[in-house]
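As written, the chain order gives the labels A, B, C and D, with residue 1 at the start of each chain.
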Amino acid sequence: MNFAFSEEQEELRRTVRSFLEDKSPSAEVRRLMETEEGFDPAVWRQMAEQLGLQGLAIPEEYGGSGFTYVELVVVLEEMGRALLCAPYFSTIALAANTILHSGDDAARKELLPGIASGETIATLAFTEDNGRWDAEGITMTATKSGGAYTLDGHKMFVLDGHTAGVIVVAARTGDGISLFQVAGDASGLGRTALQTMDQTRKQARLEFSGVPAKLIGAEGKGWDTLGRVLDLAAVALAAEQVGGAQKCLDMAVDYAKVRVQFGRPIGSFQAIKHKCADMLLEVESAKSAAYYAGWAAAELNDELPVVASLAKAYCSDAYFHAAAENIQIHGGIGFTWEHDAHLYFKRAKSSELLLGDPTYHRELLAQRIGI
Amino acid sequence: MDFRFNQGEEGFREEVRTWLGEHLRGEYAALGGGGGPADERGWDVRLAWEKELGQAGWIGLGWPKEYGGRGASIVEQGIFNEEYARANAPARTSFFGEGLLGPTLIAFGSEEQKQRFLPGILRAEELWCQGFSEPDAGSDLANVKTRATLDGDEWVVTGQKVWTTLAHHAHWIFAVCRTDPDAPKHKGLSFLLLPMKQPGIEVKPLKQLTGSAEFNEVFFDEARTSADLVVGGVNNGWKVAMGTLGFERGTAFLSMQLRFDNECQSVIDYAQKHDLARDPLVRQKLADAWIGVQIMKYNGLRTLTKLLATGSPGPEASTSKLYWSAWHQRLGELEMELMGPWSEVLAGAPYEPDDFQTTFLASRAETIYTGSSEIQRNIIGEQVLGLPREPRPTEGTPR
Amino acid sequence: MNFAFSEEQEELRRTVRSFLEDKSPSAEVRRLMETEEGFDPAVWRQMAEQLGLQGLAIPEEYGGSGFTYVELVVVLEEMGRALLCAPYFSTIALAANTILHSGDDAARKELLPGIASGETIATLAFTEDNGRWDAEGITMTATKSGGAYTLDGHKMFVLDGHTAGVIVVAARTGDGISLFQVAGDASGLGRTALQTMDQTRKQARLEFSGVPAKLIGAEGKGWDTLGRVLDLAAVALAAEQVGGAQKCLDMAVDYAKVRVQFGRPIGSFQAIKHKCADMLLEVESAKSAAYYAGWAAAELNDELPVVASLAKAYCSDAYFHAAAENIQIHGGIGFTWEHDAHLYFKRAKSSELLLGDPTYHRELLAQRIGI
Amino acid sequence: MDFRFNQGEEGFREEVRTWLGEHLRGEYAALGGGGGPADERGWDVRLAWEKELGQAGWIGLGWPKEYGGRGASIVEQGIFNEEYARANAPARTSFFGEGLLGPTLIAFGSEEQKQRFLPGILRAEELWCQGFSEPDAGSDLANVKTRATLDGDEWVVTGQKVWTTLAHHAHWIFAVCRTDPDAPKHKGLSFLLLPMKQPGIEVKPLKQLTGSAEFNEVFFDEARTSADLVVGGVNNGWKVAMGTLGFERGTAFLSMQLRFDNECQSVIDYAQKHDLARDPLVRQKLADAWIGVQIMKYNGLRTLTKLLATGSPGPEASTSKLYWSAWHQRLGELEMELMGPWSEVLAGAPYEPDDFQTTFLASRAETIYTGSSEIQRNIIGEQVLGLPREPRPTEGTPR
């Protein structure tokens, strides 16, 4: 019984934090979020080459270093804390997980090494205009002609869809939901970057018209893979949320210690002190949930579906609450553009809705525990 | 207890409606009810419209007739605001002059000051802005640091104000400045009037989380104004400013409630249009939002009645800001929930939130400005419920 | 436009408050709540004879004094404040309203004068084991044989059902829901007082086996009457809730001013002060809702159904919150039996559930405003 | 990170299970896990059971072996508590002796005190109760007014304690008394041990809103105890009492979590049995309650790990009381909501709430006793987050 990170994992955290403090300070986040691409290719390369972050949890046989999901949780938490602008979540939590769990060894061998090395940016095109994260939400169709597939229709809200070199697409054939691999520059593929409220994570709309696609895994078995990937991605997102929430708490507490009103630091007033205490309770509880879920993801055990929804629901609420309270505690300065509080606030909201909101995940959890 | 209006009041309502019907046309009508302080689109049209209002005598509606107002009753002012909001008429540009400085001058100003400034407000020819908040005096007005010293027949002012709405358009600013640095905190302040268009004043827009700049910073670097432009006497600014803050409440709540009512209805419409209103969870939240905005109306009508009967609002008035700011924040969150992933998609570049997104973002400021929710709870606890104050190191009174 | 009580109404309030301070102090509430009957017949008589409270809103032609629902709201608010143990709500808000709105003038003439004079205690037997407050909840049947009806089945949670001399019963015939008048001592009627968590309002279970009953109003038209009565009763209950909530706020504020901890009155701490401020906001808002609903009830206007549900939903939440916070602010003493805080807490919960809980009324409101 | 137990720990679990399987039979098993402090039913059976536990060495599990304990690790203590709760074994009677006084004596007591009192606890022959709270010192222990003065070789104690669980059954009380009225508030206190069965001590049950008396008032009227029964030295009681409060946390949270888990499941069962679990609103609330109790478990395991690694719990431990008391209150409210009008009907006369009703009522006390939620937030804000304290007229430290 040991609910703690190992010394190696703590060392990884320190390394990543120090790297991100250097490469993703507020000024850099603000510079990148104003660009359409939304990331710095040089930093992306360094993440792969210097720290091996992209390949961290990819098995060694596919060019990664074979660490577990627990290490991934550590990395994602730090990225959430730093508001890193980079296609890491889309490439690793969505695309790499999908390829890894697709049962398609050829696809793994073809795609994972490029991801691990940082060469390939990838994503998963799942949602459509209906915005749903369940199987019924997938209505795009794939047509088989000869041995080849073509895709027609559209995908919406695709994370980093306009910059990804490889897009894994969920679409329907006569056999059901299937997974396809499409090149970012495929003919017939139109990609439009969306202007988003949270500018630190980019989204795109993808229009497919007769786009040639390659099947990943077995036709009609796509949901088996996607169900698991959604759970794994929820755990990854919960970890990001925990990092962001802790940062909001840190900002609020630091400010409450130095900001003086009525002759006292505002943190000495119970109204502020008790807000911070409640934030701590929620942030610590969110950590417990996300870390436990990280372990279940590493073990791929039976608890995973339940704790994934649990962590996503709880961490979403905790992050949004912490980000909102952080603005309130900062007072006037807290809602200016120049202060970072709003960046976390917007990220908290976009993360809350990504992969389904807390209401959706509580319902999912109810089903999964047999209510 | 009766919620019908009397004949005279209904007649007044008819007069307002008729006038608006005749005048709110063409480019004025096209403007719609939008136009926040940061919205530069149609600014000239809004100014022209405001002058039309002034010519027709709608500015200074509640001011005494001797100062050029119409001496309208509180109910009539409420009716005007209600009809104005219902007609979706342009956002007003003379709020700070009509609502705050005018009543302050009438209560505290010299006869010369009244003669000099009230007509410009009534004709919408001189726009005002308010210089109270400072970076170190957010909720704590007694902590104002902007200094004013007398140099011959002029005040020389140096310092900084923040959260100054409309500063870039205003001709004048009324500002609380420290004129006696040696006096106890709230005893060394004066309420000064300064022309904005002078070398010693610089206005910088303060961009908000919405991407636009509803507020400004105003920097004073040896800005000058005439020695007689101090309202209510030198070193008496605290009392005058408290008076101004009292006027801030006014009767605007009915039109505000109507605006919220419209917004609540648009949320319900959105839910129905997108087939979300059948979801029992959504229905609960919509009903809750609707209840909230109705109670805002009932509370407002009770306040109005108290004002009419006693000249001062009842305890429910002091809770108004706390109430609506929290309600509006929840509504913004509901709007995002209903929009789902679409809530992330902006209407345009570089950063153009739609109405729902703007509510979600801008409502975070509403629990902070003009007295944060925490300060409101202090005021209610101490001034309404009579609970004991905290031991305070300073003598400042919370705004 | 006038949202205030008249001087006469305020005088009525002062009279009722002073009467209840005299007749329903805490000791008397505690004495009566331990009895099975749950009220003092002498006080009930004085209410009628000295103050005319039972006949207040009953038209003069039926022996009442013909005041409006607004006066009733004043009286009920004071009764809620004093936790009066008496069958006033059941007799007036339920039974008298049902008879008055039944369209049956003979029943009015037969029953209302007795109610107005204080001779008759009456109630409405609506709910059954299913606990529902809608038409579908009524399953008890009435059988017509010759010109006479008999009732069989049971009613549950009937307010003061074991002490009422007249019981108005909602039951089904072939034509639908109909209303019946049954004597409290009718043959075949078994009445069992329930032990309830809130001891200040008594409930009973009624077993009917071939109980002779007299039709009130037209057969099959009972729901037309009951629908209106439920709205009127909701307004009455909201008024009671407002009185109780204000009392909780008063108790909490008074205690916070005198209780010293850490060398200061606890009301000087923001944690307590801000709780009280939030309570004030809710109590004042609840008043606005209940009073406005009282006016709509007096006018019997189109707004009534909507504002009745609005007031019931809001005032229920406000009362429960105030009662719970009152205990918290009192600390240890607040959860002892000897302190009155728990009496209000229990009354708040029972009132919250009576006539349908806030969730039920929000749904009803949504339907009523066309959502 | 690994949530499996090692072989030794699994072996220990097996040992506990086997022993409970063999001994928890007959009238012991019939008692079930119930039996709050106010529940007199089966008291003699519970006492006999506690002595069986003592004989088998389960009392003082975590005490050092030199004082008769088993020196069990924190994980083993957690496992024992977990299995004990899972087996639905009787509520313990020796909590105050085993969990609070024992560790306090081991840390602060004299050798004579240890020899005199530890064996009686280990054999469940002497029961203890705790005399800290007073009517005027609810959250403010430094404000204790009960006086103790030395009269020859005896302390003479006069004053009153409240919220004293089990006082009517206890043989001894450990009480914080004021021994130097002239010293600063928390410097004049001593930690005394007094026999309960004496003319100077009167115990009165304190009836709660549940209708039963979980707590007592204890009145001291010249009660006496031997001069040497002061723990940790005269006028050093503040430090000793703070130590005792520290032990209060212990490892009981895992069994508490398990109890809450069971209760949450019974709520889910109730909803399903009564066909309420298909309602989307109810499903949200059930899922939320379930999430809450799971997170309580995860938090507990993190605390356990921190305790193992560093000897002191992490920040999440300080939030535990705040968390579970709020969760349990919400659960109680959900229980009432699900029961609907049936929630009003008591199981019997005169005032016999069932399990759900008891949770609803008793949980109001849980956010108050052993440090109210407000005090908990102060502690977290100041001691964990390092936020500045308020200016305080007295020097008392909040409990």
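Here, contacts are C-beta pairs under 8 Å (C-beta built on N, C-alpha and C of every residue); 3 or more make two chains touch, one makes a residue touch a chain.
All values derive from a computational prediction rather than experimental measurement.
**Student:** Hey, which pair has more contacts between C-betas, A-B or B-C?
**Tutor:** B-C
**Student:** If every chain is reduced to the average of its C-alpha atoms, which one ends up farthest from chain A?
**Tutor:** C
**Student:** Find the geometric centre of each of chain A and chain C from their Cα atoms only, then give the gap between the two centres in Å, rounded to an integer.
**Tutor:** 53
**Student:** I'd like to verify one number: the distance from the centre of chain A to the centre of chain B, where each centre is the average of its C-alpha atoms, in whole angstrom.
**Tutor:** 41
**Student:** Taking each chain's centre as its mean C-alpha position, how far apart are chain B and chain C in Å?
**Tutor:** Measuring from centre to centre gives 42 Å for this pair.
**Student:** Name the residues of chain D that each touch 2 or more other chains.
**Tutor:** 280-281, 284, 374, 377, 390-391, 393
**Student:** Where in chain A do residues touch at least two different other chains?
**Tutor:** Within chain A, residues 264, 269-272, 274, 359 contact more than one other chain.
**Student:** Quick check: in the complex, which residue numbers of chain C touch chain B?
**Tutor:** 1-6, 9, 70, 253, 256-257, 264-265, 267-270, 272-274, 276-278, 280-281, 284-285, 287-289, 291-292, 294-295, 298, 307, 310, 313-314, 359, 362-363, 365-366, 369, 371
**Student:** State the interface residues of chain C toward chain A in the complex, per the touch definition above.
**Tutor:** 269-271, 274
**Student:** Any idea which chain A residues touch chain B in the complex?
**Tutor:** The touching residues are 34, 127, 131, 156-157, 194-199, 203, 260-264, 269, 271-272, 324, 327-328, 331-338, 341-342, 345-346, 349-350, 353-354, 357, 359.
**Student:** Touching chain A in the complex: which residues of chain D?
**Tutor:** For this pair, the touching residues of chain D are 1-6, 9, 75, 268, 271-272, 277, 280, 283-284, 286-288, 290-291, 294-295, 298-299, 301-302, 304-306, 308-309, 314-316, 319, 322-323, 374, 376-378, 380-382, 384-391.
**Student:** Taking the touch rule as given, give the residues of chain D at its contact with chain C in the complex, in rising order.
**Tutor:** Listed in rising order, the residues are 133, 135-136, 138-140, 143, 162-163, 206-209, 211, 281, 336-337, 340-353, 357, 360-361, 364-365, 367-369, 372-374, 377, 390, 392-394, 396, 398.
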